Structures are given as C-alpha cells and as structure tokens.
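Here the chain labels run A, B, C, D and E in written order, and each chain numbers its own residues starting at 1.
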Amino acid sequence: MDFIVAGFIKAIELLISGDSSTWTAVWATIKVSTGSMLLSIGTGLPCGFLLGYFDFKGKKHLRTILDTMLALPTVFIGLAVYAFISHQGPLGEMGLLFTLTGIAIGQTILAFPIVAAITASTIESIDHDLKLTLITLGAGKRHIIATCLWEVRYGILAGAVTAYGRVLTEVGISMMVGGNIKYHTRTITTAIALETNKGLFANGIALGLVLIMIAFIVNLSLSFLRKQ
Amino acid sequence: MDFIVAGFIKAIELLISGDSSTWTAVWATIKVSTGSMLLSIGTGLPCGFLLGYFDFKGKKHLRTILDTMLALPTVFIGLAVYAFISHQGPLGEMGLLFTLTGIAIGQTILAFPIVAAITASTIESIDHDLKLTLITLGAGKRHIIATCLWEVRYGILAGAVTAYGRVLTEVGISMMVGGNIKYHTRTITTAIALETNKGLFANGIALGLVLIMIAFIVNLSLSFLRKQ
Amino acid sequence: AKSKSLMMATTTSTDNTGLLDYLIPHFEKETGISLKWTATGTGKALKLGQNCDVDVLLVHAPPAEKKYIKNGYGKDRRQVMYNDFVIIGPENDPAVIKGKNISDALNAIKSKQAVFMSRGDDSGTHKKENLLWKNAGIQLPDKEKWYVQTGQGMLATINVAQERNGHTMTDRGTYIKYQSQQGGNAPLKVLVEGDSILLNQYSVLTLDPKNCPNAKYGLALKFSDWMASQNAQNLIKDFRLLGKRLFTPNAK
Amino acid sequence: MTKKNPAYHLKDIQHYYGNTKVLDINDLKIVKGSITGLIGPNGSGKSTLLKLLAFARKPTRGHIFYKGRLELPFSPTVRSKVTLLTQKPYLLKRTIFENIAYGLKIRKDKKHLEGRVKKVLSTVGLDYQKFAHRKWHELSGGEAQRVAMAARLILKPEVLLLDEPIASVDTESAELIRKASLKARDNWGATLVIASHDLQWLYSISDKQLSIFKGNIFSTGMENIITGPFVKTDKKTLIKKLDDGQIITLKTPAPKTCTAIIRKKNISIDLEKQPGNSSLNQLSGHIVSMLLEKQTEYIMATISIHDLSLILRLSPDQISCLDLYPGKKVVLTFSSNNVEWI
Amino acid sequence: MTKKNPAYHLKDIQHYYGNTKVLDINDLKIVKGSITGLIGPNGSGKSTLLKLLAFARKPTRGHIFYKGRLELPFSPTVRSKVTLLTQKPYLLKRTIFENIAYGLKIRKDKKHLEGRVKKVLSTVGLDYQKFAHRKWHELSGGEAQRVAMAARLILKPEVLLLDEPIASVDTESAELIRKASLKARDNWGATLVIASHDLQWLYSISDKQLSIFKGNIFSTGMENIITGPFVKTDKKTLIKKLDDGQIITLKTPAPKTCTAIIRKKNISIDLEKQPGNSSLNQLSGHIVSMLLEKQTEYIMATISIHDLSLILRLSPDQISCLDLYPGKKVVLTFSSNNVEWI
C-alpha cells in the first residue's frame, strides 16, 4: 500500500524537479497521441458516418467486423506494424521503426475502430426526421454529413474521448514499434511498464498519475464543449 | 513479414491440435473477460444512466472525472489492485493475488468507465419526449430506467462492445495481478506478450488471431441483437 | 494439496529459454510439490518476495541479492548454475573489438561512438552491464546518442540492436535463441567473451520468515535443496538448445 | 369526504421557465367526471398546465390537490391513475402492440392483453390485423397520434389529459376520439381535460371551457382577445386602428397592460349600423363560419373584421331572424367600457 | 418551352412501403404558381406524396417531371428550389435563429441575415427579441411549428410543400400562415401544395383541391366517402345500415372494391323527405357546421347523418331560401346509381 502514497509524492517531485526523462516521455506521449487521434478521427468519423447513416446490404457484417476490430490486441497491432516497417518489411525503407511516427500509425489502427463504431451507432440513433428535414432544406451531401455529426456531437465526443483513453494508455504498440528507447520513443506507458518490471512500483504509480493528469487536463478543456 | 503468414498457419495448428496451454489460456481469457464484463455492465449501466438522465449540480465535473478514468493505464490499475490484494495489502487475506478473480476485479475497473461514459452520453441523447411519455404512462423509476436503456440499446451495445474489446486485449492488469502463471492465470494476451518477448513473433500473431476469433464469435452472436 | 504448492518469482531468462518448463515437472514428480512461477524482471521478482507474494526466488543479480538478504528480506542464497555474458555486434566489427578484453572493448565502443544497446531495465543483465562500464572506468553514458536504452527484455534488445546495426551485451542463452530464430545466420556475432567477470550467476533465495511468516519457508528450502541436488544439476547440464548447452550447474 | 372533493384543486400556482412566468393560476377546481376544454393561443400555457396536472412536472410555486390531497410528481397515489397524451406523441421503439400494451405491462396487468389491444385499436379506428405488428415508425402522422391515444385509453385512467389529441387526425377519427372520450367519462367516470385548437370539436365534447391567455385562466370559455399595439388618445382611452380604417375605442383604467378581453356576451350582432353614442364600437365584417355547440344547440359564429376574428354565441332564433350564414355581412356592437385588461 | 410546362408532372407513379402500395397516381399535373390543397384521411398517402414531390424519396415506380425535366432525388436542379415543411417539424439542436438561418447559410447566402430572420419571424407571428436566441426545445408545440415554417419561408423557394402546417397552430397564426403562403405565390410566383385536415382553412387558401384516398387522387376536391362494411342484398346492390336504422342503398358494378364515393354535386338538400322512387336514398340528419369558401362565397356545409359526415357545397341563396344554420334538421337525397367505387 505504501508505494501508492510514495507514488503520489514522487509524481509531484518528478514534475517539479523537471526530471528530463519524465518530461521527454510526457512530450512523446502527447505528440504521439495527438497525432494518432487526429488520424483516427479523420478516418473514423467519415467511415462511422457512412456505416451509420446509410442502409445497404452487408452493413451488419461490416459492423461485426468493425466490432471485432475493437478487440485487436495492441501487441498484435504492434507486431503487424513491425512486420511492415522493419528493415526487412515492405516499408522498411521509410525508417519508421523506433520512431514516434511509427507508434502513431499503430495507435491509429487501434483508435480507428473505436471512433468509427461509436460514431456509427450514434449516427444510427439519429431521428429519421432530421435526415428528411436536412434534405428538404436543400442540404447537399457534405452539409448533411456535417450537420448530422454536429447534431450528435455529444455522442461523438464520448467516442473520441474513449479512443483517446485507449491510445493514451496502450503499451503494446509503443513497446513493439517504438522500442521504448530512452529519450526517444519512451512514452509514459512504456516507462511505467519498465519501472514496474524493475520493481519500482512507486515510480510506476507516479508516472501513471502523470498520465492521468494529462488526460484530466485534456478532458477538462473538452468539457467546455459539453452540454451546459 | 513472413512471420505473419506463419502466424496464420500456426493459429490453425494451435486450435486444431488442441494444444493444452493454448486452450487453458483461451478458457482463462473467456472466464475472466466474461466476469469483468458482467461486473462492469452491472455497475456501469446504472451509473451511466444516473449521469445521463438527471440534471444536477456538479454533473459536468463528474463527467470529466469519468472521462479521465478512461485514461487509467492498465499497469496503473494493475499496481493499484496489487497494492490492495498483495499479501501485505489490506485485502491480502482474501488470496486474490495471482488468481483470475483478481484479474477480473482489475478489468472491471478498466471497463467500468467505458460502459458508464458511453451509457451516459447515449442516455443524454434521449428525446425529452420519451421521459415525459414514460411518466405519463405511469412508469415507476425502475421502469423508466429499464425502458430508457432499452430505447437506446444500440448505443449501449456499442459501449459494451468497446469495453469488451478493451478488456479482452489488456495486458497490464493480467500481468501484474495474474502473474502470467502457466495453466493458471495465463491469458491469451499475457501469452502473446510472453511469446513476443521470446522473439516467437509467429506465435504471438497466432495467439492474437485466436483472440480475434473469440471476439469475432462474440460479436457475431451479438449482431443478432442489432437493428435488422 | 494447498500446503504442497509453491509460488516462485523468477527472471524472464529462465522462463523464456524453456528451462523451467523442462525442469519443474521433474521437481514436482520427485517431491510432490506443485510449483507455479511468474517470470518478470529481477527487480520486480525481488519486490514480489519483499511483499511476501511468492515463496521462493530464482534470480541472477548477486550484488542486489546480497543487499536483499542484508535488508532482512531473503535468506539461504544458494548458487545453482551460471551461464555467461557476451558482447555481440555486427559481423564487420565496426568498433574493432573482436578478441579484446571487456574493458578495452567498451572503451573502443565509446571512442568510436559505436551504437550500443543497453536494456536499461534494472535487470540482472543490466546491472552487470553497468558494472562493466564502471570497471572500464567509464561513467555511465546515459544521455549519449550512441548509447540506446531500450527498457525491454533481452531478445527485444537484441532485435533493436540488429535493426540499428549496433552492439549489445547479452547472456549466452538468449543469444543462442536469437541465433536459432535467424536460422543460424544471425547478423550479430559474438565479439567479446570469456572474461571471468562475464559470469552470470543464478541463485535460489528463500524468504526470511521473519519478514514473511506466511511464506512456505520449508517447501522453499526443499526446492532450494532439490535444485542443488545431483539429479537437478545433471538435468541442467543436459538442457540444450540447438545442441548447445545454456546453463552450467555449479551448486556447492 | 373524497366524494365532495374536486378531482383537482390548484392553489396559487405559478410556473416559470427560467425567469419567464408562463402560468399564473389563483384558484382552479376541476370537477370529477367532467370534461374540461382548454382553449388558448400558441404559447399560452396549455401544455404546461397539462404537465402539471399529470404530475409530470412540479410547479415553481403553489400546490396541486388531487381529490383533496396535496400531491407531488412521482407520488404513488397518482402515478397510475392520471395519464397525459402529450402534444408530440412519442412511440417507443417497439411494435404498435407493445406500445399499446406497455402501460398495462408495467402495471403487471396482463390478462387478455391481445383482446384488449384489439378493442382499443378499433376504438381509435385502426385495424388490429393491419397495424398491431408494425414497427413504431411505419405509421402516418395521424395513425401515430391515434396509437398514442389508444395507449392511454387502454389504461382506463381516472384522469385523462389530452394535449391536442386531434391535431393531425382526420375528421372521422376525431369523431372516434370524441366518442371514446365521452365513453371514458360515462363508463368509468374519468375526468378529462382536453386542449385543442379545433374549437368546433372541443365545443362538441366539453362540458366547460377554460380559456387560457398568457398563463391566465378564464373560466367562461373562449373570449375575444384584442392585442395591441394601441394608441393612447387621452388619459382614459386607447384606440386600435384596423388597416381598413375602422377604429376600436377602449376605456382603460390600467395603462400598463396591453391586452383587452371583450366577453362574447357583451357583443351584439346586427345587419346594419345603428346611430349610437360615441362610447359604442360598431364594426362591420362578415361571418366566416358557424359551428354547432352540440349540447346546447347554440351556434358559435366566427366573424372576421378585417384582420380581427371575433366569436359570438348565437341562438338558432337569432340566426333565423337575421338570416345569417357564412359570407353574410354583419355589424358587431360593444361598449368601450365593457373591456377587461390582463 | 419551360413556360408551358407545369411545375410538376407525375406519370404512372406507384409507391410501396414493403409490399403495401400506398400511392397510385396515373397522371397528375400541378400548375406553376398555383396553390393546391391536399385532402384525405389519415394514412391516405398525403405525406408520402409530398415527400415524392420534394424529391426526398424516390417513387417505387414511375417518373416525376419538374418543369418538364425528369428529376430524381438529390438532383442539383431541384435541391435548392423545392422545400417541404414536414408533418413533424424537426428543429436542429441550435438556437431558433440558427435554425431559421440554416437553409440560407448552406446556400452561402449570408447577407442581411439578421434582418431577414427578423422579418420572417414576424411573418409567422413570433417576436424576434423574445424567440431568436432561445434554444430549440424552449418552445411550445405551435411555436415550434411556426419556427419550422419560417425556416422554409426564408428560402423563398420555387415550390413550397406544406404538410399540415397549421396542425397545432392557433387561429391567428393559421391566418398568418395563410397570408404568408399567398404572398409567396404572389410575390415570387411560388407553387404551393398544402396538406391539411382543416378544410375551412384549406378552402380559404387553395385554388384547387386534390382529394386523396387510399393512394388514389381525385382532382374534384373533397368528396364524400362511404366505407364498408356493406351488406349484399342482390347481385347489383349493396346496402349499409346505420345504427339509427337508416339505410343507404348503392348499386355496384364492381363487387370487390369496398369504398364508395358520392360526389357532392350529386347530393341535394331539403328540409323534408320527398315521396321518391326506391333508387333514391333519402337520409335525415342535421347541419353541424357551415364554412365560407373564401374565393367563391359558396358555403361548405357538413351534415351529420348519425355516424356519417357528408359535405355539400351550397350557395348563399340556397341557404337563405331553406333558412339553414348549424343544428337545423335536413334531408339529403342522392341516387343509388350515382356512386363511384375505388
């Protein structure tokens, strides 16, 4: 138990003392999660919209596949991405292995199904009358998409926040693709895994608190978007 | 690249050959994820309902906290649970360390905010007229909860499926609390981590595929619940 | 049945090489004690012992072990086997260290700024590596560009080294495993070996009953005894991967 | 004791949305077994009042007594006895059958469910075979409204509150709903309060009409309302000029308020202007419609005076005598003193 | 060429929901600049037809020509020219201002937005100051409907399709909407098609009435419909017995169909029964309402014969002559041969 208390104190120390390895990990985490969230929202929103808005054959099967993608283990994604970007892989030339960009690609694969699935189910819940109203007001396809998404913004926000939590806390991809290289690709979560393995549980707790603090700040700023 | 192909072949082999370590890991995974899903739905649905249905002071702050809980790193949860159930922890007597029950407790903490947050945002999107209609039809509090949840069942299903994906794929808690003990607390994800650590990437991929197959079967059976 | 089961924390190397899967069934058959183990970093393994969550430890970090006993957490340190560490690197030996003794080799690596992977995870291996730098008179190159800390397991670190065309220090067991995965034609070769300081000693520790009264001290001793027994030592000697011996028994 | 108590007694009720007062009722009693019509323009507070009567909302201030007992929302006494057909009928995402049976099911009253649903569907003019197993969204607007009505009727509630039950319903179904409402009163003594903009229909069903305007209740039924802007000519006189040049003069004791009520009993109808004194308003217009008030044989006539619509209650004799019919030009006369202000 | 083309030309339109046919229109033209009233019971297909006209839905079969050109849903030609006020007005989750400005904004037409919103709000009788910055749900039912109407009017569309625009709107606002509709036609030549159950209102606004029944269109306006069950007496005769004992006899050439149409021009009105031949139906009832048809000075009278409601179109002379008023007992006479079946 005492290591939890110790962790709280340590967390404050780490941040105040400006411990360079902590801060580089913080920045790496922020950079990589921002990148992967932008990518996964950019791809997941439109895909989720299409899946939720239109009725077409095979839609249910697509949903099942998407739901299954929610259960892609991070290590699996990590391995798959590794297979492509390792020097022997087809994209080896690009030098993405052991880079933050590589991690972001993997995390995008992780977050995409969350954003898409929750967007789809939120869009599905849209009142049929909304669609009719938009058409009768002369909205073109682009406006229909934008307005529908805006109408259900709270639901989509929930999806994005969930995906963000997933991305922020994953270890498998960061470890496998990033390599947990100190001062380079070490993120907070890989650092936690390392400290825990070392038996330095208090450090693990401290770093976890740092991560939670990041999430808290992000969610606090998002809360202004919420229903008043 | 070739280890991905090898992984596919290996996955089929593992399942057909009835490899006992694979199958015990499969069962452990199914047991523990089922347990944690039942627990997290049992707690997350009512909490999400309360948070989404009622307007009260401090509601926004609660939402922010819940959203932040979405970003609890699994290792962190693992450490926290460990602190309580380790032999020197306050609940050490119960002998939950290195057991599937212990893992399930940790995973419930992981899945609860997902279920609760998505339920809340889905319930929030409920038409105000539904509430009024239920009241005017004489529904008591219990019926209002049940009917509201049923009205938005697709949204809640999406939340549950997301939480299931999260639980199924997490490693940190299973590793820390379960200890990855062969034939006992080894789940598919900790097995993947182990195989990957050993450099047996093809085995990792194979086990990943097994996990995805479980998710697929579960989602396929859930898909009958979906809108036709 | 409950009293006849034992929980062990050990390092990943004993598990990853398959030694325990090979050895433990013999132990269980001979003593009727069932043994479960969790494989983690040495640091965490020691911590689990300190928190009394396991009954016995099999680890390889002699200085840390001694300190551990001094702190009153462990007892009965019994050396059971060893293997050795080697420095591996690209076949073309860019830092020209082949055949050099360990301190010279590390100095050469430093002066050539040749890429060197450190596990950086406080594991037994990592602790040994830190000791080697110290012995070579070099301050730990924490922030040097050429000194890459992976914070991962041995095999992952070797893989990083291969991707980066760098050097690393590894135990021989893992190296053999790595070689076998590369189909016997690994890009990284052994460049430095044989120094006595490169010995990697594994020991069994029981927990001090004063710290952990509930730990199964008696059974733990039995395990310790069994590991040192002739039978077990022979089994260890016979454990081979790709025809190569991984561990050398040295129980006294 | 309960026998003597009215079904509802509202005391000093005020209701606010934010800072806007939308209801202000001093004292209102609704008799058991009566059918009360609620008339008033959009936004006057009809739906709000009905929600209060349904105990679906708590009034900002004041008390509502149900059969002599003070009740609050979610009171177990009233929950299963009072039901409201909301203005925008909402159907649950189930079949029509399930929608109608819902209220009974939560009351654990599951006997002869199918037969009862069949019966109530026919009461609102819908065929069981054709509709019962449809999904909630496979209905036309009027059909949906009638399904919602059926879901209330099947409960046989003590109080049936209907918020514009015939808004998008055809004539035939309006008649069915009228009959069903009367039957509810006659068969099990239900008390009904019905809001509607269809005055003809409302007069054909209700015993008593409450008129509501800006949250104020007038218990004399539909009265004529003249809204501003008015022009002040002297201290005690306001005038309203119609676009066609006619002028309405009104005496004012309260300069601040700006809506005038002219009760229909104070207006008389003629075919031509009379040479009168200056305190009489004489306005010419034409009859637009004439509706039968079913119970009394009286006729509600709507007279259009340029932009203004005024309502009069005429006897058949008056009509015969003056030979009145829609389209006929008439003159309405009322004293400028006979005005109330709110 | 486009000048000669009607606004709409529907050819061989059939529309199905699942396997149920809900529309069957052979040929229908709607003239540019006309106001067409759409009358029909619940579920007759009014809303479906309007959705087709709005190109919000594709008919299962057949073609719709807009100004002579075959158009399909999402055609860029019609998207911004045709607008429909849906039966259940849906407001976007924004302020009233944003709701009304939405259509203009997506047309990138943002000049004088505030002024235009203010103007259109006053057209539907809502005060800009009071309403513009409210949220979508802070409205009464009728206010919401009027906001939705304003959101259509502001677009100044070529075609304005209104699905029950006054369903929950008060009399005064109904008049405002009538005026706004007429202005749309007169000021920018809009073509209007309006579905409503309020016949008085609909007659006061439309040039032409289409009556729709079970998906079939009758272009002679409102006609009397007698639905089954009928009893077959001999090969060529069906009778319907009313509960009060009166009998309607109808000659039938087509035994399968079961809904009769009696055109209003074929019904005559009297005060007493005439000794007539057996092929004449003579039914007694009483007048329920009399409404002015604004443009013609004719009067639409509704006569209730027990359960049945029949409509007649009477001249002022006829009314004066027979001294008709609501409540008066009358006898309707029509030949049993003058029946059409659908």
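Methods note: a residue touches a chain if its C-beta (ideal position, glycine included) is under 8 Å from a C-beta of that chain, and two chains touch if they have at least 3 such contacts.
The structure displayed is predicted, hence computed values, not measured ones.
A.B. asks: According to the touch definition, list the chains common to the neighbour sets of chain B and chain C.
C.D. replies: Chains in contact with chain B as well as chain C: A.
A.B. asks: Per the definition of touch at the top, where is the C-beta contact count highest among chain pairs?
C.D. replies: Summing C-beta contacts for every pairing gives the maximum at A-B.
A.B. asks: Could you grab the centroid distance between chain D and chain E? Build each centroid from C-alpha atoms only and quote it in angstrom.
C.D. replies: 24
A.B. asks: Averaging over Cα atoms per chain, report the distance between chain C and chain D in Å.
C.D. replies: 88
A.B. asks: Which whole number of Å gives the spacing of the CA centres of chain A and chain E?
C.D. replies: Chain A and chain E have C-alpha centres separated by 54 Å.
A.B. asks: Distance from the CA centroid of chain B to that of chain E, rounded to the nearest Å?
C.D. replies: Going by mean C-alpha positions, chain B sits 55 Å from chain E.
A.B. asks: Residues of chain D touching 2+ other chains?
C.D. replies: Residues 88 of chain D each touch two or more of the other chains.
A.B. asks: Which positions in chain A touch two or more other chains at once?
C.D. replies: In chain A, residues 127, 193, 196, 201 touch at least two other chains, as defined above.
A.B. asks: Residues touching two or more other chains, restricted to chain C: which are they?
C.D. replies: In chain C, 156 touch at least two other chains.
A.B. asks: Can you work out from the touch definition every pair of chains that touches here?
C.D. replies: A-B, A-C, A-E, B-C, B-D, D-E
A.B. asks: Along chain D, where are the residues that touch chain E in the complex?
C.D. replies: 17, 40-43, 46-47, 87-88, 138-143, 146, 163-164, 167-173, 175, 197-198, 200, 286-292, 297, 299, 307, 309, 316, 319-320, 323-328
A.B. asks: Chain A touches which residues of chain C in the complex?
C.D. replies: 40-48, 120-123, 142-143, 148-152, 156, 160, 163-164
A.B. asks: Which part of chain C faces chain B closely enough to touch in the complex?
C.D. replies: 7, 12, 15-16, 21, 36-39, 51-53, 153, 155-156, 159, 177-178, 181, 212, 214
A.B. asks: Within the complex, which stretch of chain B touches chain A?
C.D. replies: Per the stated touch rule, the residues are 1, 3-4, 60, 63-64, 67-76, 78-80, 82-84, 88-90, 113-114, 117-118, 120-122, 124-125, 127, 152, 154-155, 157-159, 161-162, 164-166, 168-169, 171-172, 176, 188-189, 192-193, 196, 201, 204-205, 208-209, 211-212, 214-216, 219-220, 222-223, 226-227.
A.B. asks: So in the complex, which bits of chain D are touching chain B?
C.D. replies: Interface residues on chain D, with respect to chain B: 51, 54, 56, 73-74, 79-81, 83-86, 88-90, 92-93, 102-103, 106-107, 151-152, 155, 161.
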